[in-house]
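Heads up, the thing below is written out as structure tokens.
We just call them A, B, C, D and E in the order they show up, numbering each chain from 1.
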């Protein structure tokens, strides 16, 4: 079933390239994927933390490399997200003048890669599947993009290529930092080995840093974020939806899947650095977003900013924050996809996304206004939408980190600043909404047409998904929490950022006795 | 053999070798190359390598030089017309060559066995043709045959490159 | 007495002279000659080494001289091909000056 | 006993909101019908719950990560919430009905009623919430509905801006609120009121810490109830339809802040400092708003500022640790302020949305009912005995008198001001001669609008009497100092009324212009300046850094640099054989150097 | 029961037969010769799979002291055979160009030699990969080199080609001279030319390591020239650009691969000397940087591929430095697939338009098949997962990280980024740009099969590398 999920879009892409009717095939494939993903989610036993529906084909016994796929409570959520956004994105594709088939094929290829990355248990394929998206993105932006597509396409491609090679180094180092007997590409094996504390602390630090930078570039972590807005502004709407909604989550998923469970020591060691960077994402990028003059750039930057919250959840390194991060990943994926989709429709109709030229559009396209409003308020964390559930868990999780009554440590400060970030995002989102949809309308827009009924289906799909999770986050929590309880129950109560306790952690928290220095890590 | 003769021939070889490079006229270079090779073969002889010395004379002074002169005549390349020498290149090239020489000499200087004289031979080696031949046909049989292939290829190449098609 | 070193030095000088020739001269024919010079310099040191390493049977190590034999052959072959190429080049460009064949660059 | 009615109170409006948004957007009248039935249902249910004090509601878990974090969705049903529910749903119902007339032919009628229902849901949620997170959720929802309703006429720039202003300002308050919630949760390990209250000792000796927590919680109220620093949004919110102003920005939502403070009084009262600050904030708001109100020309804005100052009274009362007084005033205020707004609404409708009081005049003959009801409301507002306002305001004054004299003085002064500006408005609007021809010909509003007016008028009149109010609230026990306070209050009242009459009898234009007050103490200008010089500036700078230093500089620069190096390196291929041989030689000597001479 | 030497003999005989036919059967369509050669080589390749590798003991004399038939050798014999087959297929496509440079001659003049010479080269390569004695290395190397002299300047009416030939000849002769001199020094300092005995005698040479090192450096110069390693890469761009395209492909795959095999064999005795390691390190670093950076501004695809071959030499050298033979070998195989793929497409397209990258504009419209093939080739060269190129890089980086070659790894990552830039330039041309001329480009059946096979192989190896890794398991 998982295999079907991965290969249905890819095969569909191939068929389309061979000349099948593009739109029909794509829609059928993505709908099938969505249905199966939904069924998978429903049929999953959320009680237990380990992978289910596992299938495995051995590739290289000596490297313990095998094509293993399966899902657990975490990855099934990501797969679900990917399938939903894919369906919506494919639906949002309007009329394409050149290479229509190629366009749909690229979209499906990206989504297949993303699903594959989320659903593979094997380290190698986890990495490889994600890379599938690189060239399609390049082509999507390059061929069908808007104004400065060339520069944007080059930037995103080269940037992400370098990032993913740094990530590759990190993965290799991770693999090598295990003692020989427990070296394997199977994430489950690695995790159990790491659980026994087989990675030397210094090794953990190096690997975690590499992973952080590698994944960080893919997620547009603060200093490495400049590719994102430009690319999303230039990309055609469906591509932006898929990339911002799904692909970006791959990095976060990777951190949750690898860094958090296997490298607790690394996580503690670099916690402060990560905090600083993610505050850069939240506050600094938030301010940058406020200063944007175009809707698409604003959305791009906002998606960068919201990564900061998810990072906060990850950095909080407690089951609460991490679970919140997962929920927020899902929520942000949907909401940003919705926003990009509507923005794309606006561009298609008006030909511009300049705030100065738009205004009062809700008068002529009420449904678009309503949908965009949903997106906006989801993005600023209005209760009822999934984003709020995620954010609040993140805030609680991060705030409790290293809490001492009566005094603030870095985590508390970070949380408070992040809360202020919510205000910032309110400011720019509402301003954008007001300048775009509210207020007096210009003459030349008087005749714009509202979204066609066909387009209302994907919008409704996204909104409904957002609301469902927002009303009953427990659905996700119960599946995700068990995965991370095992790892944090030991530490989350004692962890703090005051150096004293960190020392205490290094000695007690992960027992070095089991992991003698340099075992499987020393040179040769 | 006596150091005297060695130095004579060494100087001869080196000077005419230099002449090859320094002469402007290709013909002159070719002829000085012959002389330098003769000196070289003499040095070979002085190392009791009579066979090598002889084929050196035969092949080079005989075949190769004739080939060279033949080509020169064929293309009647006369004195390299006096372009102004590119001094940068000249100095640079010379410098590199000198540095290389110095480096090699320093290595030779540190090379223990370089200070030792040649050990005496048990018997005279006038029959070295026999020894070399035996080696060549027993031990070095394979390379020897492959040299044949190489010559064949070279022949094809020469034919191919210098053949002029019927117009 | 003459040591091994003397021969090596001579061959080194010869080798570098040849190399200098390749670097300095523009006339292809002379460059070929310089290449021959280098090969023969190598031969000289080979022979010197072979004479220096007297085997148990009190004879020079003839392996090196066999190699010299091969080298001479190969050198001849190379020269042949090279000169043929030279002829072709002269037919096409009426020149044997390397300064004239620089159309392929950067 | 467990019963479903309490939940029904919440769910009926929610259901109607959903139904309207999903299905009946096209059929306006149907939507209004749905919405009104919903609100009536929840009104009846709340009456039922009110009648059966024993009712309790089942609760379900919204979020649960044992052992860390548990957010139940449960309803606290005590006297406070029951009363509040009745008031909210009652006033709400009346205003729904009134809206039928007021929004008679508005194209966004369905949207309006959907939002109204959603608001009822959210407001009642606040009323019943039994924990902080749930409270916060409905808190935000209320803000959202208020945003939607203020921006109901979104195509007016003023309305759109007002909506944004309201939402963002309250968000700033919620920022503090959330922080406070986090700190409470961290200390006591729970977000449920019932569990926190006994664990307050956990705060131990950290006095300042408690104060901070309490004040952070108070921030939420400051934002929502438009208290002193964050009051700027409420007057602008008058851009919304008048019923909205009546329901949300007078009777219920803005009172939610006070309600919340009362609900979590055990936290506020844990710190004397906090109490003092709260009290003074309330006082400042009260007097400031009253001062501004004296110089406004827009009828709705005058009412808005009066709302501000009344809310100030309530907060003051909370700060003086007298929840009963606060709730009492909230209770009466709900009636008479709603009444005033609705009456003003009917005036405005009749004048074709003319809101400037100087364009009105002599309306008492043209709209008698409106005049009568408005008058009742006005009298209640200025605390003229025996109207409801008199009792509640008197209670607060009494408390102030015995706890904190300076505050009492200010409060008294505020009472005088209140009397002044209300009478001013009354005189200008209803007496004298019509100052515009629209004021000349006008007819009384339809019964659908006047009925709610009458009902509310009665409530405003009798609401203060103990025999009535006792059923709903534990009334503050009259202090012995009561008599003196009484006298002073009435004195202030008479002074105010007298002054107003003297100044404004038969005037055609504003006799005294105090620019400073007309411009509302220049708050908006100041905030505009502040935002520009902090946030906007930072934003511009950050954007510049991002665009030019990080992106163009670091990223672009490095890539261009690498490209340049490549462009230089390829120049090595000069194409000249001699040069190649030379480079070859260089390579050789370099390698020899590395291998042999560098060891 | 066949033994390894028979393979070379078979190839040589085949070559001579072709020559005979060319010489005496005058008027036949010379493409028949190509097909004959291809079939012959295919048979030999098939036969090579039935060989049983023999481990070469240290103290043998005579034939087996020159000629090793171990797994490495056999594997690369097959490698050379495969390469030659593919190159011959390309030559068939290239035949019109060759003919066009023999104006007014008899149809297909010179095609016979054009087919025959690669066979001799192939034999030379096959000898080279199993050579374990410096004398034999020298001889085999010369066979390859001399035949390449002829091949590079084959279309000799084309001045470009002649220039390329001349440059190649001079510089290669220069490197030969260094090789001989180096061998002389190694012999002088150890008295041995056989690599295995060298190892033994080096152990007790001790003091004379200086002389031995000098020899090694000179030998490295020659080998570095063959594998196009900085600072001896200077000839590569010019020669690759000027030579007939199939020959370029042959140069960049065949002689490079053989060079690496010899390098591995030669370095084995010397690897324990710290100086050698440092030497390789420096060379690898320079090669990486030069190859990748200088490729960035290129606009001529053939020249771009030349620079990229330098770059790949750099990655391979990382593998050599870490002495991870299997990584190097896998990388070489991947390199063979993707390079030949790109060249095959280039040959076909270049005949219609040209060798500039801009000549590929709109190829996606003109011939989706060729465009896709080129896409796979480029993507694999750039190193994207699910292609052989990625796994190659993966193994190399794995070895480098394992040995903590931090500098190399860092430079490696940066240069990979550059690689993405210049390889994607081609994809960009093919897919973004649109060309006025949109008439389809014909592809004959054989090369269509070959290209498809290469695509499939590239992807399969990218997913399932085990066969190659097993090829060298002991």
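Note that contacts are C-beta pairs under 8 Å (C-beta built on N, C-alpha and C of every residue); 3 or more make two chains touch, one makes a residue touch a chain.
In this text, all values refer to a predicted model and were calculated from it rather than measured experimentally.
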{"item": "Graph separation of chain A and chain E (steps between touching chains)", "value": "1"}
{"item": "C-D or C-E - the one linked by more C-beta pairs in contact", "value": "C-E"}
{"item": "Far-end chain from chain B, centres as C-alpha averages", "value": "D"}
{"item": "Chain whose Cα centroid lies nearest the overall Cα centroid", "value": "A"}
{"item": "Distance from the mean Cα position of chain D to that of chain A, given in whole angstrom", "value": "36"}
{"item": "Geometric centre distance via CA averages, chain D-chain B, whole Å", "value": "102"}
{"item": "Approximate Å spacing (C-alpha centroids) for the pair chain B, chain C", "value": "5"}
{"item": "Computed distance of Cα centres, chain C from chain A, in Å", "value": "65"}
{"item": "Multi-chain contact residues (two or more partners), chain A", "value": "158"}
{"item": "In chain E, residues with contacts to at least two other chains", "value": "135, 139, 142, 146, 149-150, 153, 156, 166-167, 170, 174, 188, 210, 214, 237-238, 414"}
{"item": "Residues of chain D whose C-beta touches two or more other chains", "value": "570, 573, 575, 577-578, 581-582, 585-586, 588, 592, 596"}
{"item": "Touching pairs among all chains present in the structure", "value": "A-D, A-E, B-C, B-D, B-E, C-D, C-E, D-E"}
{"item": "Residues on chain C engaged by chain D in the complex (per definition of touch)", "value": "19, 22-24, 26, 31, 98-99, 101-106"}
{"item": "Contacting residues of chain D [partner chain E, same complex]", "value": "562-563, 565-567, 569-570, 572-573, 575, 577, 580-581, 583-584, 586-588, 590-592, 594-596, 598-599"}
{"item": "Touch list for chain E against partner chain B, complex", "value": "12, 19, 61-63, 65-67, 102-105, 109-110, 113, 116-117, 120, 123-124, 127, 135-136, 139-140, 142-143, 146-147, 149-150, 153-154, 156, 188-189, 207-208, 210-211, 214"}
{"item": "List of chain C residues in touch with chain B within their complex", "value": "1-10, 12-21, 23-27, 29-30, 32-34, 36-37, 40, 43-44, 47-48, 50-52, 54, 57-60, 62-63, 65-66, 68-70, 72-81, 83-88, 90-91, 96-97, 99"}
{"item": "Chain C partner contacts - residues on chain B that touch it in the complex", "value": "1, 3, 6, 10, 13-14, 17-18, 20-21, 23, 26, 29-30, 33, 36-37, 40, 43-44, 47-49, 51-52, 55-56, 59-60, 63-64, 67-68, 71-72, 74-75, 77, 80, 83, 89-90, 92-94, 96-98, 100-101, 104-105, 108-109, 111, 113-123, 125, 128, 131-132, 135-136, 140, 143-144, 147, 150-151, 154-155, 157-158, 161-162, 164"}
